[in-house]
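There are structures below to look over.
Two complexes come next, and they have one chain in common, subunit A, joined by subunit B in the first and subunit C in the second.
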Partner chain A sequence: MSGFDFTVILESLPFLWEGLQLSFFLTFLAIIGGLGFGVLLALARLSGIRALSLVAATYVNLIRSVPLILVIFWFYFLVPLALGRPVGGFQSAVIAFVMFEAAYYSEIMRAGIKSVAKGQVQAAKSTGLGYWRTQRHIVLPQAFRNMIPVLVTQAIILFQDTSLVFVVSLRDFMTVSSIVARTEGRLVEMYLFAAAVYFVICFAGSLAVRRLQSKVAT
Partner chain B sequence: MGWLISGLGWTVAVSLCAWVVAFVIGALIGVGRTVNNRPISFLCTAYVELFRNVPLLVQLFVWYFAVPELVPEGLGQWMKRGMPMPEFTTTVIALGLYTASRVAEQVRAGIESIPKGLKSAARANGLSGTQMYRYILLPISFRLIVPPLTSEFLTVFKNSSLALTIGLLELTAQSQQIADYTYNSFEAFTAATVIYIFIALVVTGLMQIIETRTAIPGQSGKAA
Partner chain C sequence: MIEIDNISKKYGSFQVLRDCSTSVAKGEVVVVCGPSGSGKSTLIQCVNGLEPVQQGQITVDGIAVTDKKTNLTRLRARIGMVFQHFELYPHMNVLENLCLAQEKVLKRPRAEAVAKAEALIARVGLSDHIHKYPGQLSGGQQQRVAIARSLAMDPIAMLFDEPTSALDPEMINEVLDVMVQLATEGMTMMVVTHEMGFARKVADRVVFMDAGRIVEDRKTEDFFSNPESPRLQDFLSRILHH
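Right after this comes the complex of A and B.
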C-alpha cells in the first residue's frame, strides 16, 4: 500500500465540515423533537388511562423492536405519501429520527418520572395543583435532573446513529466521507479519519457524562 | 416471499455468529477491566472506549474497506479475493467486536455489583485469583446480568441490518429490494417489520425462560 495520504483529507475538509454540520443539526433536531414527543409518550404510559397507556406502550415496543434503518426506510417512503407531495430527504430523516428516538427517550423518562417520590405528587395535589401544573412544576423538573446523564448518553448514541442516513444518501458526515473516499480512491484514509472524528466527539461526550454523573450524585 | 425468508436466514445467521464472538470477547474484556493489573485493565478499558465511541457503520466500513489494505499484502489479497463470503464474515467480525464492548460493560457491572465480602471470603478460603473468578465471581455475575444481556442480544438482531450497506442481502435489504422491484413498498416494509417483531418476541420469550431458570433465589429478577 502506498503511504498514508493526508492531503486528501485536507483538501476535502470544507466538504467534510458541511457534512458534519448536517450531522450535528440532525442530532439537535432529533433531540428536541424526541424529547418533546418522548415526554408525551411517557406521560401517556403513566397516565392511568388504560387506552392511552396501551397505545403509547404499543408504539414504544413496536419502534424498539425494529432496526433504525427500517424505520428510516419507512418514513422515507411514508412521509411524501402522507403529505401528498415529495419532500426532501432531510425532512423525512428528521421525522424518522424524532419518531424513533422518542420511543427510547420515553423509556428513560418513564424511569425518571417513577423515581420521583410519590409524596411529592400527593403534596402537589393537596396544595391544589392540577395535573398539568403538577407535572410541569413538580414532577418533570425533578425527574429531568435524575435523567440528565442517561439523556446525554442517549444523545451520544443518537449522534452515532445519524450516520445511518447513509442508506438514503443524505449528505451527513458519514456519507460525505464515503463520497470523498470513492471519488478519490482513498478508502483507507477517509474511513479511518471518519472513525477518528466520531471517536473524538463521542469520547468527549462520554467524559462529560462522567463528570455530570459525579455532580448529580453529590 | 422467498427473498424475505433468505433475508431472515442471513439476519439470524449473522446475529447468532456475531453474538458468539461478542459474548466470548465481551466476557474476557469485562473480566479484564476488573482485574488488579494496570496494563491489562487499561487495555481493556481502551478497547471498550474505542469500540463504543465509533458508530457501527463506520466500523463496518473500516473492516470492509480499510483493513484489507492495512494488513500485510498476502493477507489483504486473501481477504479481498479468497475469503469465503466476505460480506458475511466482515459483518460478523464488526458486529461481534462492537457488541463485545457493550457486553464487556455489562459483565464489568455484574462483577462490580458483587459485594466485597465475597471476594474477601474467597481469598480467606485460600482461593487463587483464577479460582475466585471461576467459582465465585463469574457464576454470580453472569446470573445477575441476564436481563441486560437480553436487550443486548435484541440489539444485535437490529444492528445486523447495517450489513445491507456492504451488500449482504439480509432482511431489511431484501425488503428494500422488493420495494424497488415491485413498487409495493408498503407490503414489503410491513412484512419486514412483522418479522422483526416476531424475532423480538421469540428472543424475549427464550430469554425469559433462561432468566427464570438462572435467577438467584432471594434476588428478585425484576428488581435487578
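Right after this comes the complex of A and C.
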C-alpha cells in the first residue's frame, strides 16, 4: 500500500454528486410523504374514534418494531405483487421510507398536537370552525412550531438511513462511495470522505436544531 | 334566546350539574356566579355545545344544542364566546385572529373582513396594536382582542367564561368597560364572573350556583338586597366585604 491518494475523490466527484443527489431527493420525498401520512395517523390516533385510533396505533407500533431494512425489502417485493407490475427500486424505496417515517412522524406530531392547549380548540370551535379547519389553521401550525426541533432531528436520522437503499441496489451517496472505493481500491480515503460528508451535513443539521430550539423557546 | 331546561351532567361519577334551568331573553344580561367548582363554567360551556350534557335540553335561538342532529358548528358561528385565558391564536397577529373565522366560516371577502376587524379593534381601543401578535399584548389587551374577535362574527348572543379572572387587577376595568358598553347596546349576554360591581351595574338577573345546582336566579336588585338562601348570604358576605 503506497500512502494515501485523495485525488480519487476529485476524479469521481460527478459520480459521487449523483449519489448525494439521490440521497437528498429520497430524504426530501420521505419527509414530505412521511409528514403528510404521519399527521393523518396522529389525527386518527387522537380522533377519539376507537376503531380508527386502534388501526393507527397498530400500524405505528408494528412499523416501529421492525428494522427499516426489512421494511425496504418488504416494499421492494410486496409493492410489485400488490400492483401486479414491476416498479423501480426507487419508487419502492420512496414508498418504504414514507411508510416507515410516517410512523415516527406521527408520534412526534401526536405529542405536538397534545402540546396545543385545549382552550385553543375550544376557541376555534366557538367561532364556528369545524374539525378540519381547526386542525389546519389552529392546531397543526402550533404543533409544527413546537415540534420543529424534533422533526428536524428525525430528518437527520432519515438522511443517514437512506444509506440502507443499497439493499435494493439504488445508488445513493453511500453506495456510490463504496463502488468507487472498491473499484479504485481506495477504501480508506473513500470511507473517510463519505463519513466527512455525512458528518458535515448532519452536524449542520444539529446546529440548526439548536438554533431552532432557542427560537421556539421564546 | 337561550333556554336551559333541566340539564344534568357528570364527569365520570362526579355530578357537575344537577337539574339546572335558567334562560336569557333577547337583549338581557345574566350574570352567573358562585364558588369555584360550583359548575358555572361548565354550565356556560354547555350552552354552545363545547361540553355535552347527559340530561335536559338547551336551545339557542330556537335551535336545540342538545339535539345530536343539530349542526353545532353552524350554531357556534352565531354565538360569541370569551374565555378566561383569552385563547387568541398565538401564531397569528391581531388582524388575522379577527379575520380567520370571518373569511373561512362566514365567507366574507378579505376586504370586508379586514374593514370589520379594523372597526372592532378601534372600538376596543387597540388600533395601534392591530399588527402585533398576542404575545406582545398585556392580558387586558388580549381579552379586548378576544371580545372583538367574537364580535366580528356578528353574534346573536355572547358568552363570557370568567373573562377577568386571569387578569391583573389594574387591567380588569378596561375589559369590563368594553363589556358594559356591549350590554348597554343591547347585546344578549351570559357572563360567568365574580365581578359583582359589573353585575350590579348591567345585569338584569343574577344566577347563583353551588355544588352543581342553581340555588338562586333573581332580578339583580333582589339578588343583592334580599338573598334568600343562607349559602348565597354567606357567599355575598365573603366577596363583598373585603
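Just so we're on the same page, the second predicted complex is superposed on the first by the 217 of 218 C-alpha atoms of A that agree within 3 Å, B and C clash if a C-alpha of one lies under 4 Å from a C-alpha of the other, contacts with A are read in each partner's own complex, and residues count from 1 in each chain.
As a convention for this text, a contact is a pair of C-beta atoms (placed from the backbone, for glycine too) under 8 Å apart; a residue touches a chain by one contact, two chains touch by 3 or more.
Computed from a prediction, not measured in an experiment: that's the story for all the values here.
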First, second, both or neither for A:L164, with subunit B first and subunit C second: first
Which superposed partner A:S47 touches (first subunit B, second subunit C, both, neither): neither
Chain touching more of subunit A, residue-wise (subunit B, subunit C): B
Subunit B versus subunit C as contact partner of A:Q21, first or second or both or neither: neither
First (subunit B), second (subunit C), both or neither touched by A:L68: first
Touched partner set for A:F199, first subunit B, second subunit C, both or neither: first
Subunit B versus subunit C as contact partner of A:T7, first or second or both or neither: neither
Residues of subunit C defined as touching subunit A within the complex: 45, 48, 50, 73-74, 76-81, 83, 85, 87-91, 100-101, 104-106, 146, 149-150, 153, 159
Complex contacts: residues of subunit A adjacent to subunit B: 1, 62, 65-70, 73-74, 77, 156, 160-161, 163-164, 166-167, 174, 178, 181, 187-188, 191-192, 194-195, 198-199, 202-203, 206
Subunit B to subunit A touching residues, read off their complex: 49-50, 52-59, 61-62, 65-66, 69-70, 73, 76, 154, 157-162, 164-165, 172, 175-176, 179, 185-186, 189, 192-193, 196-197, 199-201
Residue ranges of subunit A touching subunit C (in the complex, touch as defined): 117, 119-120, 122-130, 133, 137-138, 141-142, 145
